[in-house]
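So that you can tell them apart, the chains are marked A, B, C and D in the order they are listed, and the count of residues begins at 1 in each.
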Amino acid sequence: PDVQSSHDERALPIEQVGIRGLRHPLMIRTKAGTFPAVGNFEMDVALPANVKGTHMSRFVALLQKQTEAIDSEVVVKMVREMLPLLNATEGRIQFSYTHFVKKAAPVSSVESLMDYEVTWIAKGKLLATGNVDVELNLRALVPVMSLCPCSKEISEYGAHNQRSHVTMSVALDSQTKMTVEDLVQAAESQASSELWGMLKRPDEKWVTERAYDNPKFVEDLVRDVAGQLKKDERILSLVVEAENFESIHNHSAYAKISLSK
Amino acid sequence: PDVQSSHDERALPIEQVGIRGLRHPLMIRTKAGTFPAVGNFEMDVALPANVKGTHMSRFVALLQKQTEAIDSEVVVKMVREMLPLLNATEGRIQFSYTHFVKKAAPVSSVESLMDYEVTWIAKGKLLATGNVDVELNLRALVPVMSLCPCSKEISEYGAHNQRSHVTMSVALDSQTKMTVEDLVQAAESQASSELWGMLKRPDEKWVTERAYDNPKFVEDLVRDVAGQLKKDERILSLVVEAENFESIHNHSAYAKISLSK
Amino acid sequence: PDVQSSHDERALPIEQVGIRGLRHPLMIRTKAGTFPAVGNFEMDVALPANVKGTHMSRFVALLQKQTEAIDSEVVVKMVREMLPLLNATEGRIQFSYTHFVKKAAPVSSVESLMDYEVTWIAKGKLLATGNVDVELNLRALVPVMSLCPCSKEISEYGAHNQRSHVTMSVALDSQTKMTVEDLVQAAESQASSELWGMLKRPDEKWVTERAYDNPKFVEDLVRDVAGQLKKDERILSLVVEAENFESIHNHSAYAKISLSK
Amino acid sequence: PDVQSSHDERALPIEQVGIRGLRHPLMIRTKAGTFPAVGNFEMDVALPANVKGTHMSRFVALLQKQTEAIDSEVVVKMVREMLPLLNATEGRIQFSYTHFVKKAAPVSSVESLMDYEVTWIAKGKLLATGNVDVELNLRALVPVMSLCPCSKEISEYGAHNQRSHVTMSVALDSQTKMTVEDLVQAAESQASSELWGMLKRPDEKWVTERAYDNPKFVEDLVRDVAGQLKKDERILSLVVEAENFESIHNHSAYAKISLSK
């Protein structure tokens, strides 16, 4: 008895139904090569009012057969495949993972990896033509350093600074070749200083002085990052958030800008 | 030198700027009396394009002077007070806390507390008249039990069941007397079974059989809870989500319905 | 049929069995008065090899009837009550909550609350005399500011600083009148600077300069806090940990000292 | 000026000092091949009383040069290398990651991945002979299904069941060839049922009935898993914990057994 496919009387369509918290090992493909990752997946479809349930195991099956290295093109392809598999006209694949970028320290040039939390969201919609239109969103959380302009201004020496999280969510044309590295660079270039996994003594001096020369409020962070992204034609809309884990308080300063183009 | 009030040239208004993760001890007022809680606060305002920064310490000051027991009316009052204090035309106070309800077990009637994660969000907007219009949102996460209809149907005995989270977010008229208890009841009445802090043996028998008699897919949960809330005239719009922490998998089943009225 | 009380053949005593993650609203009693909190409780007992199971609902019942304001004496009393209730010779009550202390800012003296994560652990043991011996442990996580001595030394101006967590776990004589405030003070006095919920401009200047004048490595933090606690005769043994959320990296520096006296 | 190497006067040795929360992409080597993972690393050394500080960047450097696929032998090798690099006589490398195992469903034999949280801890100690003695610990969190014997016994039909976490920490001889898969199997074989990523309808029937035929209290889980591990000669000591996320409550049942051999 196929309980899930039986008729439903409640006249309530379901916007999203599927699975959450499914983890899967991945190789992530970048221009610089591939690296290992673990994806945390959400996969769901829209369910019409008259259908009782979806077929949960088909989401898992689709993911299990995925073996090639992943980039945005593969995600788009998976969404196109998911809709007919689930008999759905709309659906969504979201996955989060830790993205690593090899960076050279500013003075010594010693290399080390920096880690960023990245999420891809691909939403597919079946068109009357039979084609599937895919909307692609990329989100990256970039940890940076912020140094307080007010603290610098009023103090005879020093200035409080701290780790901050800049989170950018951008809608991309699905044809676009926007990379995670491009997005990360927009945030790092606008912070008081960017971070590195490994710094030698001359690098630490450079970072300390760079941040002191370049103070930013949480308001400056979101404005300067949004200003950068606004100029990028590959981005259709954007949300920029910044959270400063204030080193003088036990709470955060927070700011957010949304822009549609 | 008041750095924050200086003129800003970047032509980018900020949607939200303020504080996050500020914890404050509270007494929560309900019809049944008051109980202790710890609120986790977000407070922010909109900042015009030409103003460089907001005054972070004023958010904290506003909260520090709050001493009376809290209910939705107090939150609305706080938002009305926040806007002039921050020279803002729009602003938002959000706080989350653990809400306790004393419940009697279904057979033995032994009493114990159940806990629910609750969030109030009050958004204020300064009108041309000088009044502040407040939009009030209430969110509650209600843990319940779900029993799988498919597992029951296909198995000769037993059926897998598990803890599920039903999360409801509703927009309320700020005049409305909708209580957390009202909202919780909508989710508990539609689950395979509701939960209790303490159950005696006859209660455990009742809950086990009640769930077996009342199987629900994650799709049923969101439809049945949304159906309940839809009938309530105090609710202007609603989002219902359910997540089943499947006892046969290491991932969740998830569903979501949004409705505007 | 009382399944839990039946005889067990596996010859394996159980060190701890009970409940976890039970939340309960509390009033915390301090010298300065009482404040609201939510306790997250773990309660368990030792189970002899020949007994099949414990009686889970009795833990919950013990907590439900707790209505008076809580301090270390009440916890000790609850453990003494728990052992006979569960027919146990050993048992443990642990609860964590957010402890608030009203502090005056260093220059303006403006008052605000600071929050600390606190855990009490009371372990009871039934003696041959029929008395219950109780061992009391107190843990507090104190957020502070640390400023890097190396960064200050090598840079022409500025120095990176950040939020740090100092966690102290101390064993107390159960007769002892050691307060959370005493313990917090030991950590705050040894940091580059302590934190406040609200600071006015002159306070922010003071904190910035104080931290710059008082640089500490993570090694200094644990040594200086351990040195303070070592002198306190109310403390029988101690563990001090510090974690610096480095503002120049995306990982932490960490150190730990354990001392028995 | 090498601040870290200067003399320290406080007469307090530091048990552990190093880094935390450093994430690094890895390939994990198993008998069945390699798979991608992200390790979360803690690396630290003991610091004598007279030395002011350790060299934090050397921990990062050691990890950055690690490129080969990882198994327990590689971890042991890394610890041996770390001690001279940090001028230390004792040190520790701990890393956690998600371990994937391909499993066949019980009836359909359809294959899918299951995920487990695994931690390796290698502690090195420099001997008078100049050799480094390494103690190896392995921890695995295995999600399983538990079905309540009491609920089954007292109810006319059905029985509440839920996801449970069985966590095993074992000390191994560093020569030992104990695999994660061996440890996982000990927990899965003793649960009411093990879990799978993907199940077809006949598999779901099998799992449902298997759990109903095989009820276990949290006490049974820790005793049966400890009983299994006790027989394994490769294990020097063990800690077994189980946490049942009770489907009839909003808190957990918990039990723990420790055994040294």
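The rule is simple: a residue touches a chain if its C-beta (ideal position, glycine included) is under 8 Å from a C-beta of that chain, and two chains touch if they have at least 3 such contacts.
Predicted model only: the values in this text are computed from it and were never measured.
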item: Distance-maximising chain from chain D - centres being C-alpha averages; value: B
item: Intercentroid distance (Cα basis), chain D paired with chain C, Å; value: 26
item: Chain A and chain D, separation of their C-alpha mean positions in angstrom; value: 29
item: Chain A and chain C: spacing of chain centres that average the CA atoms, whole Å; value: 36
item: Touching two or more other chains - residues of chain D; value: 22-23, 60, 115, 150, 154, 197, 199, 250-251
item: Graph class of chain-chain contacts, one of line, ring, star, complete, other; value: complete
item: Footprint of chain C on chain A - complex, ascending; value: 114-115, 143, 145, 147, 150-151, 154-163, 193, 195-197, 199, 201, 204-205, 207-209, 211-212, 245-251
item: Residues of chain A defined as touching chain D within the complex; value: 22-27, 35-38, 57, 60-61, 64, 97-98, 100, 110-113, 115, 197-200
item: Touch list for chain C against partner chain D, complex; value: 1, 3-4, 8, 10, 12-23, 42, 44, 47, 52-54, 56, 60, 149-150, 153-154, 217-219, 222-224, 226-227, 243, 250-258
